[in-house]
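Which chain is which? They are A, B, C and D, in the order written, and residues in each are numbered from 1.
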Amino acid sequence: MDFSSDTSAPAHPAVLQAIAGVNHGYAPSYGADSSTETLTALLANKLGTEDFDVWLTASGTAANALALAAICPPTASILCHEEAHIERDERGAPEFFSGGAKLALLPGENGQIDREQLRRAMGAIDRSFVHETPPTVLSLTNLTECGTAYSTDRIGEYADLAHENGLTVHLDGARLANALVSQRATLADMTWRAGVDVLTLGLTKTGAMGCELIVLFGAQRSRFGDLRARAKRAGHMPPKLRYLAAQGIALFQDDLWLELAAQANCFAQQLAETLCAAGGATLAYPVDGNEVFVHLPKTVVGRLRDAGAKFYPWPGGSHRFVCSWATMEDDIGSVRAVLSS
Amino acid sequence: MDFSSDTSAPAHPAVLQAIAGVNHGYAPSYGADSSTETLTALLANKLGTEDFDVWLTASGTAANALALAAICPPTASILCHEEAHIERDERGAPEFFSGGAKLALLPGENGQIDREQLRRAMGAIDRSFVHETPPTVLSLTNLTECGTAYSTDRIGEYADLAHENGLTVHLDGARLANALVSQRATLADMTWRAGVDVLTLGLTKTGAMGCELIVLFGAQRSRFGDLRARAKRAGHMPPKLRYLAAQGIALFQDDLWLELAAQANCFAQQLAETLCAAGGATLAYPVDGNEVFVHLPKTVVGRLRDAGAKFYPWPGGSHRFVCSWATMEDDIGSVRAVLSS
Amino acid sequence: MDFSSDTSAPAHPAVLQAIAGVNHGYAPSYGADSSTETLTALLANKLGTEDFDVWLTASGTAANALALAAICPPTASILCHEEAHIERDERGAPEFFSGGAKLALLPGENGQIDREQLRRAMGAIDRSFVHETPPTVLSLTNLTECGTAYSTDRIGEYADLAHENGLTVHLDGARLANALVSQRATLADMTWRAGVDVLTLGLTKTGAMGCELIVLFGAQRSRFGDLRARAKRAGHMPPKLRYLAAQGIALFQDDLWLELAAQANCFAQQLAETLCAAGGATLAYPVDGNEVFVHLPKTVVGRLRDAGAKFYPWPGGSHRFVCSWATMEDDIGSVRAVLSS
Amino acid sequence: MDFSSDTSAPAHPAVLQAIAGVNHGYAPSYGADSSTETLTALLANKLGTEDFDVWLTASGTAANALALAAICPPTASILCHEEAHIERDERGAPEFFSGGAKLALLPGENGQIDREQLRRAMGAIDRSFVHETPPTVLSLTNLTECGTAYSTDRIGEYADLAHENGLTVHLDGARLANALVSQRATLADMTWRAGVDVLTLGLTKTGAMGCELIVLFGAQRSRFGDLRARAKRAGHMPPKLRYLAAQGIALFQDDLWLELAAQANCFAQQLAETLCAAGGATLAYPVDGNEVFVHLPKTVVGRLRDAGAKFYPWPGGSHRFVCSWATMEDDIGSVRAVLSS
């Protein structure tokens, strides 16, 4: 009953197998190896386009911050939800990597930027007024920090609005697989076809040891040289890059990443139902992916903890339960047993 | 005959075994796991002290830059050799992580800072003169960028000089194992006992997939909180830290890292002798570790290349050959065969 | 009828006279001159203490950003009002100077931080949680961006709260003279005696050409060396510093600065009354200093503009009118004439 | 006999007169005033072109650092002489403003970059090699830090070389007036016509209170918006900009700046002759401008000091004497008297 985080789960066996599979012989350092090439080809196939460049990191914080620094100058700002991971949980990484850019925060229910607030923020931009810090980037997160999913349409709508106002669109996809499964969307439809210019695609929470992709689409590819230089000086160009690539290959092959995400989502649904079946529990947010945010009676919290369940209290008074590829039927069953005892 | 770099070598099988060994069950994220604890205990044993704090990264560039940023304010400078890795090969990482500190370069033969030049630089420090950028750190590298090793005594002497002048001492130990073997020194003697305040200890080139340790000794431990915060915002706090720790454990256990380094050093000696036995070859620098820098006749270069040997031309006209744990008897034999044919 | 800004006003004649007065002979550069010494003595007298260090800049943005960078590490954040000048109107200067620190925004009426929100923010600090960016500074502004004044008591209360939670207190006093006059407070009482650790004291808006003081009190004096180094590398150590010092001397002598502020405040009161006497006008905020924020009927706005009055529309629908030392009886009279015509 | 620095001299009376001249009435803040317009027109006339944008600062350090940050990304480096002011005397300002770019140092006699070394550095650039930090800017200084002047031809030659290799050319003209007079060159010929892309033109050392111009020529004008934003966030957009503009107007009108520089240069020649006429003195560098670097017998140094002369010892064993617009016939006469007594 460990629902503490999908980052506490181990890596999927296929990932370790893939790593072992590339661990022979010499390979050019810094991304010139054949595994990276294979991964890129796999990704192209999934994206339905070759009009992209990709870089790998072992850290989601780095992936987001590098992506943002590549598209936001130090004198500008990044529009994002006020509870976005880049604002709340990355210790100022975007500010650091960008050289002091600002995050401009927007409210909205369920971790999703409110449409009207976004419009207003766009309308208020005055690039000629040197004293304010105008946004050049809109950063969306899918799954959001509340475990909800933007629809592909909503992403497309917001991206259009951003483009009309001269902004570049970044998608923080630390749990993108869960969002894709939830929205029955393809990777292509939810990213470049919806207007996403720069994607950070996380695989760590899905089942990797540590593997995140930064993808620059179309016109943004012109920034790839800069991105690589920034990755290098930030220590995100590990010499033996083949081990990162191997993880991505393992998860993309046969769409294992989507399979694992579907499973985690499914368990989250079951867990939500189980928890709510107990009296007095209410969901804090809709459960679109692999996370359940739920207001629980104190007694229920106590009984779960006593039985050894792991989960975190969350700002706002709810508790967060996260399912992962490693969650098992038994975990849900144990919760059910505790609650019905 | 791949002598291109110790970073092109695969990871040692023990490393992968260790990773597989920790890949079960949930583990607290971000370094609170038991593997990290085990590694710390192992390290304490090797260092002969518990008066240190340690952080893990997957990148040597990051390890150096984080270490330096923790001890050098943005308004100060770092004394180092003019060919130091932090100056030449890290794309401005120290400047980036520190917020714009400067590197102050010192010359010296064989990649080692000249004693007299160091004294002079120390003597010229005027901390009251606000226009110049005074050094607060002396950064040494062992092995140096020329593959030579500082003796423990020399490190101690330079550290004393640094301390007398108010500087903190950093040791870039990307190939420290090779230096320890070469100088028949213990880890304790060449680091904190010699006056090193902050150590970056690399295991990647020795045989890891990607694992580097930043060690703060004694009084510098007060900066550990700051170091962790910097690691976090730089994306060097990967959630599943156990996989980094496992690599360190594998290499420290039974002193595997020293065994592998000794082997690489030994092959480098054999390679140097083999190359020099051929007419017209002269060593550019003494061969103290696992790297051979050698001036070769063009014809020899051509014959080696034709036979499939991999090695790089080096600034100054020599060529660099690097041995690693994966170098085999046969590799040296093949070189010998080419040269004698 | 130019109420556009106190920064569009010329310098007070006494300021130019003082500049001319020091414009003879050679003077040591970079603050070692006798004018800077005189200014410091004058300031000590006004502050009723010698336990401070002071640095001069020509820019309020620089004064704030340098002050904040000296007390906020890049890995931390600064608590301030969501409409604070440092957040809204300085193009990311605090982020730039600090190396990427964050501003954490607090709401509150009339440009003043809400007490309850401040308490809550303090209570939520968890310095051991490395992922969030904890505040190390509370920055207050007096006058606020809404032209209101914090009382000395309120500043003292907030400063106590900050100190109890380990924060340093910064006061942005771009219009401090107006606040002092409004609150009938002494400089000492509203600053170090109330718990302010670092003060930026603006004279530009009061009547200087360009002159702002950064004052470090008590324990914060240990950061003065760092502050000077930061000023130097930011280009805020102009060689001929005597011309900055002369401006300060002119305004402090015989408390000219307070006299000018009192006059501007007085005209602002008259202007507010005049505007409100016209039907349909309501003050957006209380008028504590030299600024009037007022909701005006469109027709009134039009008539004023037609008559040549200068003033700015303000976020939220009001208009801002600023009085300065250069505002004259006639300016108010003209407004009265327009409105009553 | 104050030869300590041209920055210890007062401002020329015409400068103060000009400041007083604009000190009436309201003026738009931040550079939208008519004085700035007048200055721009004057400058266009001197430059013989309108194809430029200009920004004003009160600090030479800021002017250089802003100019460099506008043309050098954080991931790149700036080629300059190893004794350049931006390397030696600005406390890391270029590194700070650029977000961590590096300075790459070149040797050369008399403070001038050696032609052969420059060619070699250009030849070694490999923009595809991500680990090194390639230069994107060549920064020249005229007068150099040794008081010598590059000829217009030399600047043109070096600029051509830079352009051929994809670099932008920056000229640090803190003492440009002295160089122009020395080389009998026009401002146009020594700057944009010679290939200079970005100029920092100093007037402070020539006779201003504090006034430096950053001029972007031709294609570099596209960076003007970015430059202004950087100036704003660095606190180099003082509200009452008219006082900076007035200083420039005073010095450009009737070419007062060149007249003052010519006078200072002339006195430096006389001083050099006077000093060398005394036995045992030798010039350290040719005297092209208003600075004399001279190796003096200890006894001479002592006698001058005893007589109240002010001048600084210089690295390398010489002493520096600086003449300025405020140097008088008598100052030279007094030196002569001391030496011949």
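In the analysis below, contacts are C-beta pairs under 8 Å (C-beta built on N, C-alpha and C of every residue); 3 or more make two chains touch, one makes a residue touch a chain.
Here the structure is a predicted model, which means the values were calculated and not measured.
More inter-chain C-beta contacts link the pair C-D than the other of B-C and C-D. Ranking every chain by how far its Cα centroid lies from the centroid of chain D, the top place goes to A. Each chain gets a centre from the mean of its Cα atoms; for chain A and chain C, those two points are 42 Å apart. Per-chain Cα centroids separate chain C from chain D by 34 Å.
Chain geometry summary: the mean Cα position of chain B and that of chain C are 50 Å apart. Multi-chain contact residues, meaning those touching two or more other chains, occur in chain C at positions 74-75, 90-92, 96, 99-100, 130-131, 229, 232-233, 237. For chain A in complex with chain C, the touching residues are 74-75, 77, 88-92, 95-96, 98-103, 105, 130-133.
Residues 30, 73-75, 99-100, 130-131, 226, 228-230, 232-233, 237 of chain C touch chain B in their complex. Interface of chain D with chain C (complex): residues 2, 4-5, 7-11, 13, 16, 19-20, 22-29, 57-63, 65-66, 90-93, 96, 204, 209-210, 229, 232-240, 243, 310, 326.
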